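Following this message is one structure expressed as structure tokens.
A, B, C, D and E are the chain letters, set down in written order, and residue numbers restart from 1 in every chain.
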Amino acid sequence: MARFIKDRSKSKGLAPGSLVFIGRQKMNKPELFVMDYNQNSLEEKQIHSLTEIEDYIHKDGVTWLNINGIHDLELIRELGDMFNITSLLLESVLNTDQRPKFESFDNHDAFILKMIHYDETIKQVVAEQFSLILGKRYVITLQERQGDVFKGVRERIRNKKGRVRLSDNDYLMYALLDAIADNYAIAIETVGRKIDELDGRIFKYNEKGLTEEIYTLKTELNYLRKSVRPVKDVVNSYLKAESPFFMEKNIVYLKDLNDSITHSAESIELYNNLVSDQLNIYNTNMSNSLNQVMKVLTIFASIFIPLTFLAGIYGMNFEYIPELKYKYAYLIFWILVLVIGIGLIIYFRRKKWL
Amino acid sequence: MARFIKDRSKSKGLAPGSLVFIGRQKMNKPELFVMDYNQNSLEEKQIHSLTEIEDYIHKDGVTWLNINGIHDLELIRELGDMFNITSLLLESVLNTDQRPKFESFDNHDAFILKMIHYDETIKQVVAEQFSLILGKRYVITLQERQGDVFKGVRERIRNKKGRVRLSDNDYLMYALLDAIADNYAIAIETVGRKIDELDGRIFKYNEKGLTEEIYTLKTELNYLRKSVRPVKDVVNSYLKAESPFFMEKNIVYLKDLNDSITHSAESIELYNNLVSDQLNIYNTNMSNSLNQVMKVLTIFASIFIPLTFLAGIYGMNFEYIPELKYKYAYLIFWILVLVIGIGLIIYFRRKKWL
Amino acid sequence: MARFIKDRSKSKGLAPGSLVFIGRQKMNKPELFVMDYNQNSLEEKQIHSLTEIEDYIHKDGVTWLNINGIHDLELIRELGDMFNITSLLLESVLNTDQRPKFESFDNHDAFILKMIHYDETIKQVVAEQFSLILGKRYVITLQERQGDVFKGVRERIRNKKGRVRLSDNDYLMYALLDAIADNYAIAIETVGRKIDELDGRIFKYNEKGLTEEIYTLKTELNYLRKSVRPVKDVVNSYLKAESPFFMEKNIVYLKDLNDSITHSAESIELYNNLVSDQLNIYNTNMSNSLNQVMKVLTIFASIFIPLTFLAGIYGMNFEYIPELKYKYAYLIFWILVLVIGIGLIIYFRRKKWL
Amino acid sequence: MARFIKDRSKSKGLAPGSLVFIGRQKMNKPELFVMDYNQNSLEEKQIHSLTEIEDYIHKDGVTWLNINGIHDLELIRELGDMFNITSLLLESVLNTDQRPKFESFDNHDAFILKMIHYDETIKQVVAEQFSLILGKRYVITLQERQGDVFKGVRERIRNKKGRVRLSDNDYLMYALLDAIADNYAIAIETVGRKIDELDGRIFKYNEKGLTEEIYTLKTELNYLRKSVRPVKDVVNSYLKAESPFFMEKNIVYLKDLNDSITHSAESIELYNNLVSDQLNIYNTNMSNSLNQVMKVLTIFASIFIPLTFLAGIYGMNFEYIPELKYKYAYLIFWILVLVIGIGLIIYFRRKKWL
Amino acid sequence: MARFIKDRSKSKGLAPGSLVFIGRQKMNKPELFVMDYNQNSLEEKQIHSLTEIEDYIHKDGVTWLNINGIHDLELIRELGDMFNITSLLLESVLNTDQRPKFESFDNHDAFILKMIHYDETIKQVVAEQFSLILGKRYVITLQERQGDVFKGVRERIRNKKGRVRLSDNDYLMYALLDAIADNYAIAIETVGRKIDELDGRIFKYNEKGLTEEIYTLKTELNYLRKSVRPVKDVVNSYLKAESPFFMEKNIVYLKDLNDSITHSAESIELYNNLVSDQLNIYNTNMSNSLNQVMKVLTIFASIFIPLTFLAGIYGMNFEYIPELKYKYAYLIFWILVLVIGIGLIIYFRRKKWL
């Protein structure tokens, strides 16, 4: 659960807009990668300094600068200066505890979102900060570390598949956000599959670790909800913002994105309901099983405790116990045992315990 | 529960609008069926290629093209070209995990919904993708497989019953959506009847499989909610969209449809409340029954355990136990047994356990 | 619970607006009753055919046609023709599973609501379909069977009590709806009284049938909510509709009606909270009582089981048990018994079990 | 709980606006008290007939007529005639089950609210009907019986404290409503203190009457919510109504009142959450304690039951039991007892039960 | 929990706007501290009387008056006179039970909020009243006692860090509110960490004090919600108020503040969900553990109780028990014991209890 909490002590008392990286550094050195394309040509290059990008920016065509690693404050500050980004926005870019949001500025639109994937090694949903800045002819994306979420988009740019090479940077932005929304759906689906696997187990007796797993899934869903639900507001407010950087003819794509996020948010609630139902049913089954156990105990004890008492009586050493001398006493004793035993069995049958 | 999850891996990383069928293929070869009618004439025909439809489209009168089976990407692409359908919409048509939605385009309106029926063989609610495109003088419907949901509509077209032959294609669309809404109501009613049947059983002792059934019903209701609730928004947004393809005089029918869907959505919530109440009450009954079991055990054990101890004492072999020699000892022992036994019974009576 | 479900199979696949009676027929032959009045004169009459009403309609003054029994499709159709009622509305009038709604047409306003009363013989809340059509100078009401809900209104018309004789047909409509709202309040109150009666019983031990009663009350409240809650929307949308059939000066009465329905809806939620609290508290009491039972058992068993073991030891027949021969052994045995017994009692006192 | 329900049977079937007192009469004879003041002079007087008030009304200055006791229908009717109050409003004034509401008329504004206090003798929150009519230069208040809620306001009028003597009747109305809002806060606080007192007790073992108290508090909060929550809407709709009887410069006071009521409503929800948490935690503690009890029983029984069996074996009277004759048998028996006993204790230690 | 309740008895019956300090006095003598600055100069000074501030106010530049300690009614009244603050607002400033609110006046804007910190000594979240008045060129802040929340802001003023020295008093207000929002985040985070620490413990057996801690955390979250949630409305209504005292260019800062508060409010709900899940899972684990305990008891008792009965039989002293004389009887007895014992073990294995 520790991932719910980010250490904010570094930023305490600082001026708003002070650049502090809040989070855990996940790479050594930031990587900068540029793709610059138009319908006819494509240039892609790993760059080492922001100054290298200037040429691309001033050319026609779409420039996509992707930065992996956001802990290098100097780089971020330089980026801010170059693209006129307010320090308040840069602060949010650096704060991995930032709630997903959209903000519109004079010279660019900015999105701060989460990327989500299910990490099979630690069996947890992992969220990473993702920022996107959409300006005139350029898109800047910032991730916490190298991932493969945008591989598909890059392939499409290289192979001229789909509309991305034919379109402007607003379509690129949509393609990137769509890739992220796809990843949400896949992470939620993974959690959904795990919930699905529990389905048979909640009816089995004495499943080891079931409550741990249910608890983990509930926590994952809480974590997903925290990351995904605010994105609905983000896309909605972008739809309403009528940004000059996003062409009206592409609005249909945003609506599609909106649908996708809404579907994800609804799935989280659906899965949450399903796990809660599973926990409730599991609890009911536990009570059922306790009832069964207690009935076995009660039947055994209730039948044999009186019989043991009876045997105890004729094990007493009183000098004068007339029955002891009677020849058929032992036979009668056994008959009595059978009568009491069968009587109690009939009694428990009536109570439907047997 | 597996049906909550569709395998989306095929679409991962693809360009938005890439045609991929997400779902389980339910037929071999798609079937295309055309009904073309006006007030006076009716033509109906199984066609084998989309080109056959062109003649009908250009005639006056309403053309209804129904396609069963949506996994043939080539066919869907051809359909898209012929009717100017965006690839983004075609992608949604093919994605059986698509959230119900309505979208309006320049040359047509599009609905993507679910058809629902309760499959008695697998004892589950089954949802299938249904898409409807309403253009100028034509209606195209796409289903995952042949069903009998629209049988009634076809009969009415053939027999000139109701208003459908007298009206335009917008009324046909309404008639089809109304048939689907009717099916929702019937599927929900089926689940409702199953909940009804549990009513007596939650008070019976030790009902086998009751928790499984309650869990199944809760899951069915979650599944129904997922399919039906978004349809309310769909119909509402269509009401507000003032589509040029839907005549204002028929708005009253849409409102009726809206009522029907609202009723279905409310019924799902109602049944959900009822099942939750049943589970709660069943749990209370389980506790009641555990209490009964424990009281029986406690009464038996508490009465006979002290008596057995008493018998144990006079079974001891100490050389010097004065009571053993006393002539009335055995009689007194029995009196003691009765006194203790009756005393404890009175005690438990007071506690109202007997 | 069966009353939550109406058999809709008859209407499946039929054209929208097909007249089918969905529900259980509650009378043999429909009864038609007309009251025609103005400030000075009153005529009231049982009629046998709709044609008899024509004269009244064309006169000045208010005509109120009340129909008991809505299963006679021919009559309903005739009514529709005479008053220009759309078949879609007639279908809703006949569908006793119809969600409460208001609709406005060119020549009349229509309300479809539920009448509710608590039937003491079956100990259930019973809802019946009620439709009201408000046209120019006339009011038509349709009920499933003869009831006494409108007795008060009729008396007031006859005795010139209140404003009804001095007012137009919109006030009559209000008076009728107000009578229905009053009946809601009374049915809810009856359920409320039953909840009140449970108040003392949830603290008593071992109350027979308590969970059944709580379950029944929860079900009644679900049923009431289903019938009453949509009526709030109905009255609200009528307030906004600014109907030409309802005079503005009488709006204050509608607001009063609105208050009354809101109060009823809030009462249902309030009682639902109260029953849920009762169930929770009852469950807590059950746990308390289980705890008590288990403590009695534990105290008895824990004290006597070790003592019985001790007695068992000296009942053994080993040849060499030195204690057996010791003269004070039996005395010491009893002292030991007392020490162990009192020690355990002190232990349980410390644990506050005694 | 009986106070949730008012007997409405008297009003059943009556015309809307019929004057019927619904509730329990709490005084013998209504008391009428007039305060008439302006900046310079103050007259106050117990009056015996409404005609006495006419002089005050026609004078300049503020006239406040307070009526204690609302069961005298004749008086209420006379009041209605004198101040032009509609019978519908009078009906609401007399109906102590009326939901809090505000209504605006041509010649006055009317509020129907509840006064609330915690009655220490019956240990319950008690709500009483309070109506206020604000006209031109006068304020009429109606209560069910004499209380001390307005003592503070009267003192301020008499001693020229605060703004009330310097202001018009709208400020007087605000002062009265503010006194009522203060009383809400105090009643809620009293319930809050009782919840606070439970805080330590839910962790104690075997608290007598705790569930009764929790249930009572939940019921009190339900009762408070019913009385207070609608008042928020009342104040809000008055703020929007822009009444001619309430001066704009005093709107700031209404906002303050709004804050106060919102705070009260939020406190009710807060306390409701707190009691629910207490009940949940208490239930968890009950389970904990049951676990403890069962572990003690299990440890005792599991250790001594096998040992008793062992002792039983050597108490058997078979002629041929070789061990009985062995000299060290008794010693070995004791060693066995110790080994089994200690072994089981170690086992339970491992399970962390000891 | 006592901190939920403030003693309001002092204010009962007083005129609205009467100055009464509601709360617990936390300092001896109020401290007044002035910072007056512009881009070039800074003056800061502890002052002893409000009259000293007049000079600063009339100078250009920003004047920030901070008052620690709000129990001195004379001082508050003087402040009110000097800055034209209505007594109603002053009453709210003094009422530490005041719900967070914003109010706009002709000559200033006023905020009443809570400062929050987690006090490690009493292990509780502590909220203190904070009021801020933003006028022309001045900011007045009132706290209950000296704290270090604004240390960072003061440092930035002194060291010319950030924008505060370059900006007007509206930015100072933002900086102060931002410091408070930061403190909210930190207090919530502290509670979050405590919840995090419970994560492992809910699966451990027999954790001492766990329910107490869960209850405490739930109470803390309730307390935080009460203080933080209304602040969202406060910031939102300020955003909409378009105050003349807050420059439009700084609105972006308010939006950032809004984000921060929304994030805090969402975190409280998130943590609340997590603790509720923990409690549910803990309860399930308790049931699991009870099941384990009962199974151990049942297995022990069910195996040995019949065997003890068997041994009891042959311990009886009947003269005629044929088996006793049979030579292999003892051997057969042991075989029987083994058969019964192993049989029961197999039976419990089948039931999966072993």
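Definition applied: a contact is a pair of C-beta atoms (placed from the backbone, for glycine too) under 8 Å apart; a residue touches a chain by one contact, two chains touch by 3 or more.
Quantities reported herein were computed from a predicted structural model and do not represent experimental measurements.
K.L.:
Could you tell me which chains are in contact with chain B and with chain C alike?
P.N.:
Intersection of chain B and chain C contact lists gives nothing.
K.L.:
Using Cα averages as centroids, what's the distance between chain B and chain E in whole Å?
P.N.:
41
K.L.:
If you average the CA atoms of chain A and of chain E, how far apart do the two points sit, in angstrom?
P.N.:
Roughly 25 Å, centre to centre.
K.L.:
Going through chain D residue by residue, note those that touch at least 2 other chains and give them in order.
P.N.:
Within chain D, the residues that touch at least two other chains are 283, 287, 290, 294, 297, 301, 305, 308, 312, 315-317, 321.
K.L.:
Testing understanding: with touching defined as stated, what is the shape of the graph linking the protein chains, line, ring, star, complete or other?
P.N.:
Topology of the interface graph: a ring, with each chain touching two neighbours.
K.L.:
Which residues of chain A touch chain B in their complex?
P.N.:
151-153, 155-156, 161-164, 174-175, 178-179, 182, 185-186, 189, 192-193, 195-196, 199, 202-203, 252-253, 255-256, 259, 262-263, 266, 270-271, 273-274, 277-278, 280-281, 283-285, 287-288, 290-291, 294-295, 297-298, 301-302, 305-306, 308-309, 312-313, 315-322, 351-353
K.L.:
Using the touch definition from the top, list the residues of chain D that touch chain C in their complex.
P.N.:
Contacts found on chain D: 1-2, 4-5, 8-9, 11-18, 86, 88, 92, 97-99, 101, 103, 205-206, 211-212, 214-215, 218-219, 222, 225-226, 230, 279, 282-283, 286-287, 289-290, 293-294, 296-297, 300-301, 304-305, 307-308, 311-312, 314-317, 321, 323-325, 327, 329-330, 333.
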